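Got a structure for you, questions after.
Order as written gives the chain letters A, B, C, D, E, F, G and H; numbering starts at 1 within each chain.
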Amino acid sequence: MGSDTDLTTMVGAADVLSSFGVPNEVRVLSAHRAPARVAEYAGRAQERGVKVIIAGAGMAAHLAGAIAANSPLPVIGVPLNPSAGGLGGIDALLSTVQMPNGVPVATVGIDAAKNAGHLAARILAAFDPALAAKIALHREATAAEVISKDARLKEMGVDAFLAERGETGG
Amino acid sequence: MGSDTDLTTMVGAADVLSSFGVPNEVRVLSAHRAPARVAEYAGRAQERGVKVIIAGAGMAAHLAGAIAANSPLPVIGVPLNPSAGGLGGIDALLSTVQMPNGVPVATVGIDAAKNAGHLAARILAAFDPALAAKIALHREATAAEVISKDARLKEMGVDAFLAERGETGG
Amino acid sequence: MGSDTDLTTMVGAADVLSSFGVPNEVRVLSAHRAPARVAEYAGRAQERGVKVIIAGAGMAAHLAGAIAANSPLPVIGVPLNPSAGGLGGIDALLSTVQMPNGVPVATVGIDAAKNAGHLAARILAAFDPALAAKIALHREATAAEVISKDARLKEMGVDAFLAERGETGG
Amino acid sequence: MGSDTDLTTMVGAADVLSSFGVPNEVRVLSAHRAPARVAEYAGRAQERGVKVIIAGAGMAAHLAGAIAANSPLPVIGVPLNPSAGGLGGIDALLSTVQMPNGVPVATVGIDAAKNAGHLAARILAAFDPALAAKIALHREATAAEVISKDARLKEMGVDAFLAERGETGG
Amino acid sequence: MGSDTDLTTMVGAADVLSSFGVPNEVRVLSAHRAPARVAEYAGRAQERGVKVIIAGAGMAAHLAGAIAANSPLPVIGVPLNPSAGGLGGIDALLSTVQMPNGVPVATVGIDAAKNAGHLAARILAAFDPALAAKIALHREATAAEVISKDARLKEMGVDAFLAERGETGG
Amino acid sequence: MGSDTDLTTMVGAADVLSSFGVPNEVRVLSAHRAPARVAEYAGRAQERGVKVIIAGAGMAAHLAGAIAANSPLPVIGVPLNPSAGGLGGIDALLSTVQMPNGVPVATVGIDAAKNAGHLAARILAAFDPALAAKIALHREATAAEVISKDARLKEMGVDAFLAERGETGG
Amino acid sequence: MGSDTDLTTMVGAADVLSSFGVPNEVRVLSAHRAPARVAEYAGRAQERGVKVIIAGAGMAAHLAGAIAANSPLPVIGVPLNPSAGGLGGIDALLSTVQMPNGVPVATVGIDAAKNAGHLAARILAAFDPALAAKIALHREATAAEVISKDARLKEMGVDAFLAERGETGG
Amino acid sequence: MGSDTDLTTMVGAADVLSSFGVPNEVRVLSAHRAPARVAEYAGRAQERGVKVIIAGAGMAAHLAGAIAANSPLPVIGVPLNPSAGGLGGIDALLSTVQMPNGVPVATVGIDAAKNAGHLAARILAAFDPALAAKIALHREATAAEVISKDARLKEMGVDAFLAERGETGG
């Protein structure tokens, strides 16, 4: 990530990967404040055995693009919406996704660090049956949870369901 | 892709993959007009040996998301800007990238089908040294082309350079 | 709705329908996390006697479109603006309304679940004189309320009117 | 529609309805230039036996809302993007969809007059089995067309398929 | 205004007019919930001696346009940004300003009810030298206040100036 | 207007005023390239007997605001969308309408120079019964034209109506 | 700056300059409420020895443009996002950056007053080796800080790093 | 510039500088396709005697930011709107202007390469009285041209003025 202030959001990517047993490392690398380090890190990632790089940054978010420019690996970009910003992250989204031909960034939604983790896991699982099995289980569990909530809502009724969550309809 | 009218743009993804020697198939599948086929295709892709799926669609672009919902494979989404549209593709971009947690779409830029091909190639190359070598060559060639144009521009001067392309500065 | 976290907003649709005596059911169905259930539910709704389906979802909101793709019934879409989002719901609005030809979604305003209930009631009332009469009464009451507030404001004056509501002008 | 200059687009709604055998009338009614006529038309539509009203307008598109304010019928709004405009129809979309509570407009996509016809047909078909059967046939034909194009593309290959349409990939 | 919930903001227009000694009336009139009253009020305003009408509304803000459609008077529109909305008032701005030819609305900024009062005062003052004199005095006072703050800031220094306001720089 | 390249559009305002017999003058004044002239013109307009000023400018459109800052008269702003621009005039709209308190600009739609003429005529007519009568006639003629087109469309049918205009439905 | 309410943000520019030992003055000057003072200040700045002017304003932000129109000096514009505004500062950004040819404003990010200070320092340092040396030191310190945080994060691990800041991952 | 396809626009910056007699060089440097060259060029520019760098790029426009990250010089960014793009350059604008603290880019308007030249000239002129004199002359000539056009328009009348340009009002 581009700044340690992004860590609270970006740790979500690492958490998802760890929950699937995928080893990962979390780094602070700034395309604008320490560009040589970004180029060096990106340039050596492949030979270090890294398979996918996730990069999160806000505003004029260049980090993912800078890494994709310096590495042949697939790079996932997470556009961040800093709490003080007023553009809702659209600046970071466009700065991340609208890359020139030949230097793609696999962009996920605004602040979607967890989904970046899921995307990285899908990429690795395409070549790792054991990981694919774990993901399949997770997908089944997610579907089951939706179905179970639907059943529970039907059983309890809307008012009781909301009351259990401490809310009222509006 | 969601409609054969998108083929002119989307064939760019296939062209890039073919140029790297990556086998690929081009399909017309509509999440809204023939949804069962999308679910069936996505649900069976992994067992057929597909490693990455690229989906391009315009407007309320649901195709990439529908495939990601029905397959554990990495899905690359290309937001398309139909020539008749007036929103410039921002509708397709947001419909493609803002996916819920657990169902990521690796989104590239608007109409960036070629970059989707490059991204797919990077994903495959992370596990295929021969492909990685081809991509490395291509990246070097691309860099060399920029450097050569820079040198040529310096040598010829701006006016001659533009004249050669049949343009004048403005 | 696509997630039970949307229930607090979406219950407004059910409340409006219930207030007109229209029977309705509230379901949790996710186009992305449990897509087969959505297809099954939508595919069987008509034969179960459902006349209108209201679907609410946020971000890359595909639920209404997925239902319209799998059912011939009129589908009303409610674009939701999750509290954590920064785009104000414009992503969900475009993902819901910009549907391809032949698969329309009757889209209401952002977070306008109650209005979705009113729209569903209008659709049913076009073929149900008793319901039409109830809606006519409600419309008259709404108009009367505006007129009464106007009269009250004229009578009390702005300061007293605001004071009664515990506010001051700004 | 609000202006006869919108007729070229809006006739698409009538064409779709006529193709399903649904009787319809096409009117020019301006919420801003002849507002009393709009109120009168809307106020009497229900007693004339009208079941659904489709209204198309551009820019600060008030027509659909003005009709919904003066009639209890379901009103479908088509936001139009006049060719001279530069906002791509986002002004008309927001002016049509963001209606206050109790006065909903069933909004379709920008310039999506045909989809308004499809939506009106779906509403009527919910209470008309013969119409429902026609719509079911149309939906099957649409799905079959996508599947057939997919098959044809597979058979011919991309280049021949594009050549047949007089295009080349880009 | 379209709803009494807008009164807190819209009273600013009345306050500015009253501060210049301009008689004014504050009304609640809804273009969507009680449209006949709007048409009636607008249609009779000129004969009642009204010179300018200020209309404020949010979301698909039709009130100002509906009044301009029913009255030959100059109409000032205030696009409102309801606190619950997420689009920041851009919907109301476009719904108010993008009027068709022949039916203009003099639009001020989002939530700028006070500025609507100032604009109405300027319009009246163009034909009322006594009012023009009051406005001239107010403009001089406003300019003097800026100049005085500038002088005070220079004298006190930034830190003391901020401290006096109970703030610190950031 | 800020540049003579805007004259083709802005002459629409003068044409409307002239059609109502309202004397007017057309000037080229640039807030950015000749600011002292703008201040001088605006500062002396009231004493020269000017009642309303219409200002049109594109991009960071400051002209209307600069005039409103230097004159107590009502100022109408026309945001222009230069043909070479890609933002559709939203930059000029926001630069014109979002004025600070006390310095309002009566903003009309993008490129709506004719509507600026209509708005100026309405302002003058509020104090000029003869002009008010001309505007009333024009409003009646406009309404009659819509009603006549509606009648003609009903009589001819859609196809003949479009054929007469040399168009076909789409 | 255009208003003393902007001082809390704009003092950041002065703080950065002061931290580099660059003399500066902070002024309140309003393009709309006291335009003659702006013209006078801008017109005399060069002869007073000023080298760069930083101007911050919100909404229809004309201040930077008005200064650039009245002075040949480089002008840096800071678009401000007032806390009460809902457009996130995009209005101020477009009003500041989209200047006509010949009258440029060097625009920095929304609310980026500190960056305006850094930009002014870079401009001055291009002609002042001592200042350039201070900036070089600052750039090295900034890079070192990123590298040190990266090292510390690797050493402590994510959980401990977040705990030290009183946060937990989300 | 980031690509030689941008040369037609970007040569405008060089033309303005050359017209003031300011030596300049035009280079093709891509932050994404040849990043090491950008870092090397930027890192050595100061020691080569460069005073200001102008960088133009489109879409996710990182070039200006990448140069500002690798050089202490003032960097001017020109957001470009490629003719094939549909977002009007807002992506490039946000990618260029929303830079993090400490790494500012002096951003000019979309496609405003000439204005980048003017801004660079102003920066140099702040320390070069001879250049300042040339700029002063140019500013006077520009103001005189506006005033002359205004006089000519008054003299000729609108119709003759437009006719001379081969246009008619609309």
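Heads up, the rule we're going with is that a contact is a pair of C-beta atoms (placed from the backbone, for glycine too) under 8 Å apart; a residue touches a chain by one contact, two chains touch by 3 or more.
These numbers come from a predicted model, not from an experiment.
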(message) Just to be sure I understand the contacts, which chains border both subunit G and subunit D?
(response) E, F
(request) Name whichever of A-B and D-F has more C-beta pairs touching across its two chains. (result) A-B
(request) Can you check how far apart subunit E and subunit H are, centre to centre, with Cα atoms defining each centre and the answer in Å? (result) 38
(request) List the centre-to-centre spacing of subunit A and subunit F in whole Å, with centres computed as mean CA coordinates. (result) 49
(request) Take the average of all CA coordinates in subunit G, do the same for subunit H, and state the distance between these two points in whole angstrom. (result) 20
(message) Suppose each chain is reduced to the average of its Cα coordinates; what separation in Å results between subunit C and subunit E?
(response) 32
(request) Pull out every residue in subunit F that's touching 2 or more other chains. (result) 3, 30, 33, 59-60, 85, 87-88, 90, 97-99, 102-103, 105, 109-110, 142
(message) Touching pairs of chains, all of them, please.
(response) A-B, A-C, A-G, A-H, B-C, B-D, B-H, C-D, C-E, D-E, D-F, E-F, E-G, F-G, F-H, G-H
(message) Show me the residue ranges of subunit A that touch subunit G in the complex, using the header's touch definition.
(response) 3-4, 7-9, 11-12, 14-15, 25-30, 33-34, 37, 59-60, 84-88
(request) Sort out for me which residues of subunit A touch subunit H in the complex. (result) 2-3, 30-33, 35-36, 39, 59-60, 62, 65-66, 68-70, 87, 90-91, 94-100, 102-103, 105
(message) Per the contact definition, I'd like the list of subunit D residues that touch subunit B in the complex.
(response) 81, 85, 87-90, 109-111, 142-143, 145-147, 149-150, 153-154, 158, 161-162, 167-170
(message) Going by the contact rule set out above, which residues of subunit D touch subunit C in the complex?
(response) 46, 51-52, 72-76, 93, 97-99, 101-110, 112, 114-116, 118-119, 122-123, 125-127, 132, 135-136, 138-139, 142
